[in-house]
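These are the structures in question, set out in turn.
Shared between the two complexes below is chain A, which has chain B as its partner in the first and chain C in the second.
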Partner chain A sequence: MTAPLTLRAVTYHYPASTTPALRDVSLEVRRGEVLAVIGNVGAGASTLLLVAGDLAPRVTGGELSGTVERSGRAALLLPTPWTQISGMAFTVFDEVAFGPANLGWPRERIATSVERALTRVDVTHLRDRDPTTLSGGELQRVILAGILAMDPDVLLLDEPTAELDPLAARRTWDLIRALARDGMAVVVATSDLDALPDAADRVAWLEQGALRALGATREVLVDAALAAESAPGSTSIAAVWRSARLPEPPPLTVSQAVERLR
Partner chain B sequence: MRRLHPFTLLTLAVVLPALAWILPAPWGGAGTLITAMALLLTPGASPGFGAARTAVITAAPFWFFLYLLHGVGGMVSTGLRLSTMIASFVWLVAILPPARLVEAMVAAGWPVSAAFLFSATLQAVPALRERAQRLVDAQRCRGLATRGGPLVRLRALRALALPLVLSALHDVDERTLALETRGLVAGARRTALAPPADHRGEQALRWLLVLSCAVLLVWRVA
Partner chain C sequence: MTVLDFAAVSFAYGSRPALADVSFTLGPGERVALVGHNGAGKSTLMRLVTGLLKPTAGTVLVGDWDTRSRRPDQLAHRVGSLFQHADQQLFARTVREDVAFGPRATGVPAVDASVRVARALEALGLEAVAGEHPYDLPPPDRKLAALAGALALEPTLLVLDEPTAGLDRRARGRVAAALGGRAAEGTTLLVITHDLDYAGEYLDRGLVLDHGRLVQDAPLSDILALGSGLEDLGLAPPPLSRLSAALALPGRPIRAREVAAGLASVAARNRLS
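Presenting the complex of A and B:
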C-alpha cells in the first residue's frame, strides 16, 4: 500500500536564510500510524509539517530540494487558535464548515461532515456560538473540528494541546489515537513528551533540522542522548527514574514504573 | 424587512443617500432622511430606537460644524444629505447580519476573496479591540500611565500602537497558512452554506431603484 506521505532527502531553506531549516530528512508516514516529531525550539518540527502540508515552499517561499510525495489531502492545525479563525464564519457550525465549503462540496455532504466533526471533537454544545467569543482551548478544538471536517488523509498537528487544560489535552491525544485507528496518517509536532508513550507509534527526533533519530516510540524515548542537557528530554517518569539512578532503561509511564518497582 | 435579500437591503442603503445628493435641496434631502429614519423606526421591521439614537448622535456634530462653516442654509441642505447617509448606513449595519451578506455574495458567484475581505474586515474589529485591551493591561502592569491629560494619553498611544501593529503583522503569516490549509485559495468554487432566497420581485425592485437614480441624475444634469 502506498504511504500517504513520503519525504526523501528533503532539505529546505526559508527565504533569505543561508542555514537550512531542514537537512536531508527522509521519512515515511503510513496509514493508521501516529508519528510524533520532537526537538528543541528551532529544530525544524514545525517546518517539517509545513513541507508535509505543501505550504513550504509553495506559500512561505524559500527553496526545497529532495522529493515530497503525498497521496490524498493533507491538513495542518497550527498552534495558535486565534490566527486560524476563518474570518468568514459567524457561528461555530459555519467555522467548521469553512474548509468543506471551500472544497466546493454539496451542502448535504458538508452538513454531515460538520456534524460528525463536531461530535468527534466534543464541541456540539458550541455550534451556535460566535467563534470570536470562545476561549483559546475551545477555539483550538473548533479549529481541529474544522480540519477533520475536510476529511484529510494526512493530519498534521503542530502543538495541538498547547492551549488545552490537562483533561482536554488527554481527550485530544485519545482522539488522535482514534483517528489513526480509523486509517488516517497523523504527524504531530509536540513538546508534550509524557503523552507520547500512549499516543505515538513512532518518534522522529529532529536536531538543527536534521533527523537525529527515527524509530518506535519506546526505542527513541529511552535513548540516553535524549536526556542530555541540550536535548528535548524524555518523559517526566524517565527523568525521575534517571535522577534516582535506577537501572536503565527507564520506564516511560507511571504504570510502567509501578510495574518495574514491584 | 429583515427577510429581504441582503442585496436589496444594500441597494436601499446606497440608493437613499444617492437620491439625497441627486434631488434638489433641501426637500430631496428631507424626504430621503425621513425615509431613512422611518426605516430605522418602523415597528417590527427596524432595528429599533437604539440604532436611531446612534444615527442622531453621529450626525449631530456634522450639523454643528456645518452651521459654523455655512450658516443655517448650508447646514440644513448639506446636513440633511449627510444625515441620510449616516442613517442609511446605521440602518444597514443594524439590520443586516454580515453572515447573510457573505452568503449572498458567495451564492451570487462573487470571488471568495471579495467575500473574505468583507467579512474578515468586520471580524477583525472586535479581535483588534480585544488585543488592544490586553496590551493596555500589560503596559499598565509595567507602569505605563494610560489615563490623564492629552499628553499622557498620546504617550500611552505610542506605546500601544507599535506592539498592536507589529503583532497584527506577525499574525498575517500564520493566518495565510491557516487559510491555505483550509482550502481558501484563489479561484476556489466555494459552496454557499445558507444562500438567502432572491425572489424575482426583489431583483426587479433593485433594478428599478438603480434605474430611478440614473434617470434622476440625468434629469438633474440636463
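Presenting the complex of A and C:
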C-alpha cells in the first residue's frame, strides 16, 4: 500500500527569500501513524505542513524542488483558527458543513459527516452558536470539526492545542490518537513535547529547515542533543531528570520516572 | 498599596453572563496566574482591567482609578497588556516603532521612550529584528514584539493573555526572564495561561475562574496539589507536580530545581547512580 504522503528531497524557498525554509527533507507518513514535527520557531515545521497540504508553493508562491506525493485528501488546521473561519456561516453547524458542501457531496452525506465530526470533537453543544462569538479554544475545535467532516486521509495539524485549556488539550491528543487508530495519517507540528510520549509514534526534529532527526518518539526524545540550549528541549520529566544528574537515558514520563526510581 | 482591586464585579454580554461577583486585590510585584476553562471568563476579566469593557456591577480600580471614568488609553499609563491574538496589536512599519508607540502615546519624553524601547527589545532578544516590518516576522516573534510594546509602557500592572503559547523553549525562557525581572522591580503580573509548567515555575498565586466565578484564590503550589479536583476546572497538573506527588517528595515541590533536588535524594536513597 502506498504511503498517503511522501516527500522526497524537498527544498522550498518562500518568495523573495534567499534562505530555504525547508532543505532537502525526505520523509514518508504512513497510514495510522502520528508523526510529530518539532523544532524551534522558524525551523520549518509550519512550512512542512503547508507543503504537505499543497498550499506551498501553490498558494504562497515561492519555489519548490524535489517531489511531494499524496494519495487521497490532505487537510490542514492552521495555528490561527480565527483566520481559517469561512466567514460564510451564521451557525457552527453551517461552518462545519462549509468544507463538505464545497466538495459537492449530496446533502444527506454532508449532514451525516457534520454530525459525526461535531460529536467527535465534542462540540455538539455549540451547533447553533454564531462562530464569531466563540472563544479561541472553542473555535479551534470547530475548525477541526470542519476539517474532519471532509473525511481526509492525511490530517495536518499546526499547534492544535495552543489555544486549549490543559484538559481540552489532553482530549485533543486522545482524539488525534483515535483518528490514527482509524487509519488516518496524522502530522502534527507542536511545541507540547510533554504530550508526545503518549501521542506520537514518530518524531521529526527540524533545525533550520533540515531534518536533524527522524525516528521513534522515545529514540528522538532521549537524544541528548535535543536538550542543548539552542534546541527545542525534551519532556519536562527528562529535563528535571538530567538536572538531577541521574543516569542516561532519561525517562520521558512520570510513570517511567517512578519506575526507574523503584 | 493596591495595584488592582476587583470589588464584586459582574459582567454580561447582553443577556449572557460572563463574570459574576468577582472580588480580589493584587499588590505590587505579585506574580499571579489567572486560569480556568476555555470560556470561563478570563479574557473578559482582562478586558475589564484594560478598560475595554466596563463592569455591569461592582467596581474595578487600577490603583486609585475607577475604570468607569477612564478611557483605555488613559489606563494604558498604568496597565500594559498582551492580547491573545497579539498579531492584531501591531500596526507600525517597524518593530521598533511599534514598541515605541505606547510610550509616545502616553506622553513619555522621547529620550526616556527610546531607553524604554531599547530595554524592552533587549529583554526579549528582539534587537536583531527591530528594523523589520512586524508582519515579516513569524507569528511567535510578532507576539514577542507585542509583549515588548507592553513592557515599554513600564506600567504598574501587566495583564498578559497566554504570553508563552506557541513559543519555543528559548523564547519561553526569554519571556519568563523578562517578566520575572519586571516583577522584581515591583511590576504586578496578571497572566492568563494554560501553561501550568510556566505558571508553576515562575508565578506564585493562582486565581481560578469557573463559569464566570472566582472559585480559587490560593498559592499555585496548593492549587496544583488539588490533583483530580483540577480536572473539574479544566486544568491538569503539569508533569513536575505529578512526579512530585507520585514520589511523595517532601513539601510537594512544583519548581524544577526543587523537584530535581528531591529526585536526587530519592535516587541516592535507592542507590541509583
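Here is the rule we use: the second predicted complex is superposed on the first by the 262 of 262 C-alpha atoms of A that agree within 3 Å, B and C clash if a C-alpha of one lies under 4 Å from a C-alpha of the other, contacts with A are read in each partner's own complex, and residues count from 1 in each chain.
As a convention for this text, a residue touches a chain if its C-beta (ideal position, glycine included) is under 8 Å from a C-beta of that chain, and two chains touch if they have at least 3 such contacts.
Owing to the predicted nature of the structure, the values given are computational and were not obtained by experimental measurement.
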item	value
Chain A residues touched by each partner, larger count belonging to chain B or chain C	C
Touching partner for A:50 - first (chain B), second (chain C), both, neither	first
Partner chain in contact with A:40 - chain B first, chain C second, else both or neither	second
Partner chain(s) touched by A:103 [first = chain B, second = chain C, both, neither]	first
Which of chain B and chain C A:244 touches, first, second, both or neither	second
Touching partner for A:82 - first (chain B), second (chain C), both, neither	both
Contacts of A:168 with chain B and chain C, given as first, second, both or neither	second
Contacts of A:257 with chain B and chain C, given as first, second, both or neither	second
Chain B/chain C common contact set on chain A	80, 82
Residues of chain A defined as touching chain C within the complex	39-42, 46, 79-80, 82, 135-138, 159, 162-170, 191, 194, 229-233, 235-237, 239-241, 243-247, 253-255, 257-258, 260-262
Chain A - residues contacting chain B, complex	50, 53, 55, 59-60, 74-76, 78, 80, 82-91, 94, 97-107, 110, 132, 143, 146-147, 150
In the complex, chain C residues that touch chain A	35-39, 43, 84-85, 87, 138-141, 165-171, 194, 196-197, 231, 234-236, 238-240, 242-243, 246-247, 256-257, 259-261, 263-264, 266-267, 270, 272-273
Chain B - residues contacting chain A, complex	97-99, 102, 112, 115-116, 119-120, 123-124, 126-127, 171, 173-185, 188-193
